[in-house]
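Paired with chain B in one complex and with chain C in the other, chain A is shared by the two complexes that follow.
Let's turn to the complex of A and B:
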């Protein structure tokens, strides 16, 4: 049932405003790609174009290599789960899930039997005959997911379907998506602005900003090897230390850190993740600094540090440590990247 | 379960009182006065004397008037609902042309029925615009003042279908677009989306519109008077004629005729309320 999905140079303009600019992206069969970006970055528009609910200004949508531009939404075999569950209020839960089978001409009995198997998949067969108005938010999204899956889609599009759920329900939904991937292996495109959700669910992440794909790659690569400062920021990176690149070594207030080869010598930013820096005794690290603030994240703490340059404090750095960092504001500390090397970007 | 009013509901009832009180007073006074007049207990002249003559004296004519009115109201309501729903569905599915249709529908609403009836008369009468357009054939049907009240029904269907369309649009236009998108991604064709999504969602607003159109066309006077045949007289035409008669003894009959209109309207309203409650309990 899984198919490949390819966006080939998709652009979309509303009047003079270009929402998508030459977007190209390939999703392999049975893979899950997350489109990550802020509100207004164009990710939902891209999904609507894939589903046939919106037309691109230029470019092609290819399913298994076949151009589906101009094919009506109902004939594309692509299901979309929206941010809101959008359950039909005049139908019961089971009839919502049976909707696609009924539209395909199946009898009510056969469609309901088909729907029940998908309700069991999302653990909601007990509420099959309830009205959607009597479900909780999490249950509604589960039904919406079951309804989309019951269509047996070639591709499943998820448009921030869990964004309105609380964190516990969201984690339950993530487990459910994992179960569905194991059982049905659908091709999934997930739109989200939550980098943790993208990282938890997707095989790869495509970062979309102002209608352009900045980078597409595996989850770890985007976190630790961002292509640009914007990707680093969108992926939650808090550090971009300015400095000078000389022979694959970045020179900055954080010290001399080896970076990836192939970059041209000159000004560059060192993107070192806050989780990848260790606080050590002054003198034991590649740099020293003074703690300026502590911010609790619950189980973790963010330590803000003013790095000591040759002429006093120059740059600030943030380090994330589990539990109590064991340092106080004003204390002098040493800093060292955990793996001894970093990642430099020039823009 | 408790029937006690909370402070909140009491406060809300007080706020509603200025709006509700005049309606209740006017309705109650007029209904009681009409009932008393129809039974001879509030005569225009002479002493009060209980009599059922206004109700039983010419019962056949009263029944014929009632049937004519129910016929006009029923056919007009069905046509208004059908045309109104099609208009609403068109506006929802065709955003550009739909806006024009919506504007035209909205422009139809404030035209008085008297003007509308005059326009329909000019359009559909013998030697009217349509007749002339067709070359004045001998077989042109008697649409105005002919049997079947066709011109009356046409006037009501034209005006009220615009009203129905706007009520339906107002009640579902915000939610139906997203639900139709969801239906499309689930394989529903355009026709299926209208029949399986838009129509069920529009049922409550169609039912409310239906009862409003039915009650209005049942009690409306101008179109039936201008465009209908002399006989049978619809209830409102009969009521107005008897009320304005030089024979003051006809007043009780006018009141009885008006009260029959009220009774039929009440039955229609209660039936729709009952059906709507059943529909909602099924959902």
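Let's turn to the complex of A and C:
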């Protein structure tokens, strides 16, 4: 059973410091929303408020439209998985997973039977009778996930649960979350500072910065249509070219690029993803520039370019290309946005 | 310029020079340091006759132990046990509550409570007993209860310190996880917090038991002779001459119960840890 979760104007202050400011966000049943933000942006506090482990200074948390402010954590039907697995060291793996059933008054035998099906879901039934101290980091996090799911929560909250795992284990865990979503379809709120993880797991991303939600939308929208420069930066966008907006066309050192309609004429930044610019021969693109540096990312390379303005080099731009870019530092090149249009922001 | 890391000098090394053999030797010396003073006591307890300058007794006997099998000794042992358990059963939960208060309070009041909890360590037992004895007499407090009351104060710093250390490394989020898994605050405490603090509680209980079990001064002065414990018997035996066997046998008898209690409290936890 999955439920909707809604934060309605949630604020939280610690002394004079406001950690969350009027945060409003809706998570539909069976959907996965990633709360993306830097450390200290307030995303974990928001999760703790949803779980009932912290109280908001103002605002409401609604589950299926019902205000759960003041409802004790254990009665909310919301399970939380922390960054640390926090498996109870005095219980075996199966008893950890059986914990919620035991708290609900089930017999030890029935609780363990229930737990075993969730351990099978995370492919760890073979280690059911081990002590948590004898598990690897990835296994511990799988058990923590199984333990939370065994609660049959209406909503599952994941607070950076995979950030301490290495990249391969993290990918395994992403696959596991996909399996869980297919099988159980829980409503998930995932807190992460990793935009790739947010993009891989979530249906939509809410960007949180300094306690405010800057933008909430589908993954592609946040990458290619950021609401602000901060969203562009948090989503890993490396380019924000200053220029002038005149009649839905952005004029800058990158040339004249058509942007979304509806903006007021005046100064604006063109946010164009580094993956969405193609290097072409000088004269074939909307702008020309000189390669200033190359940075290998393994299978991809970042090419840093100084754009040529009317009075010499003005702005820098970064382009990400697969494999060898085929250009050298100091070489003059042409640049062209892949789809011929861009996205402008004014702040 | 980034300075290069210099190789660690001998004084900077965190491990002992000499490696494992040196650790073995030092460990052996440590055991000797603890056990060696017990050797003469043990020899005296089974000595039939032992005159200077002989290194070992000239004859052996269990007369010292057989002299202990009297109703008086049994009553003293029962009183000592009651005192030890009484002090431990009051000082352990009080120490826990004190440590929880220190942890929960802001820095300055927390330190003030910590100071109060540890203050009895700085007060000489004789001064503490003499100071409180008059008050206890005026309040008509029974000698046994008075002794327990004073010894609880003496034991409190140890129990509070044990729980303070345990709580410092205890992750409060264990209980938050338990709550989000459906446990009420009481269930979270019973099923998560107390089991995780059990070994600290066992150590605190043991230390508090020792305070009551081995006390002499408070029992003598506040008990006023009405409370006869094993240390009181030992004191009487040691003050007389020619009682070396009995004194030594009584000393060993006083040592054994705490060791059994210590083994009972610590070994099961170690076995569980290995499993």
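Note that the second predicted complex is superposed on the first by the 347 of 347 C-alpha atoms of A that agree within 3 Å, B and C clash if a C-alpha of one lies under 4 Å from a C-alpha of the other, contacts with A are read in each partner's own complex, and residues count from 1 in each chain.
To be clear about the criterion, a contact is a pair of C-beta atoms (placed from the backbone, for glycine too) under 8 Å apart; a residue touches a chain by one contact, two chains touch by 3 or more.
In this text, all values refer to a predicted model and were calculated from it rather than measured experimentally.
Once chain A is used to superpose the two complexes, chain B occupies space that clashes with chain C.
Of the two partner chains placed around the shared chain by superposition, neither chain B nor chain C is touched by A:294. Of the two partner chains, neither chain B nor chain C is touched by A:263. In the superposition on chain A, contact is made by A:90 with both chain B and chain C. With both structures placed on the common chain, the touch criterion links A:230 to neither chain B nor chain C. In the superposition on chain A, A:62 contacts neither chain B nor chain C. Judged by the touch definition given at the top, the superposed model places A:184 against neither chain B nor chain C.
On chain A, the surface touched by chain B in one complex and the surface touched by chain C in the other have residues 51-53, 72-74, 78-80, 82, 84, 86, 88-90, 99-100, 102-104, 131, 147-148, 151 in common.
On chain A, the positions that touch chain B within their shared complex are 51-53, 72-74, 78-80, 82, 84, 86, 88-90, 99-100, 102-104, 131, 133, 147-148, 151. Residues 171, 173-174, 176-184, 187, 191-192, 195-196, 198, 272, 275 of chain C are the ones touching chain A in the complex. Put simply, chain A touches chain C in their complex at residues 51-53, 72-74, 76, 78-80, 82, 84, 86, 88-90, 99-100, 102-104, 131, 147-148, 151, 157. If you check the complex, the residues on chain B that touch chain A are 178-179, 181-189, 192, 196-197, 200-201, 203, 283.
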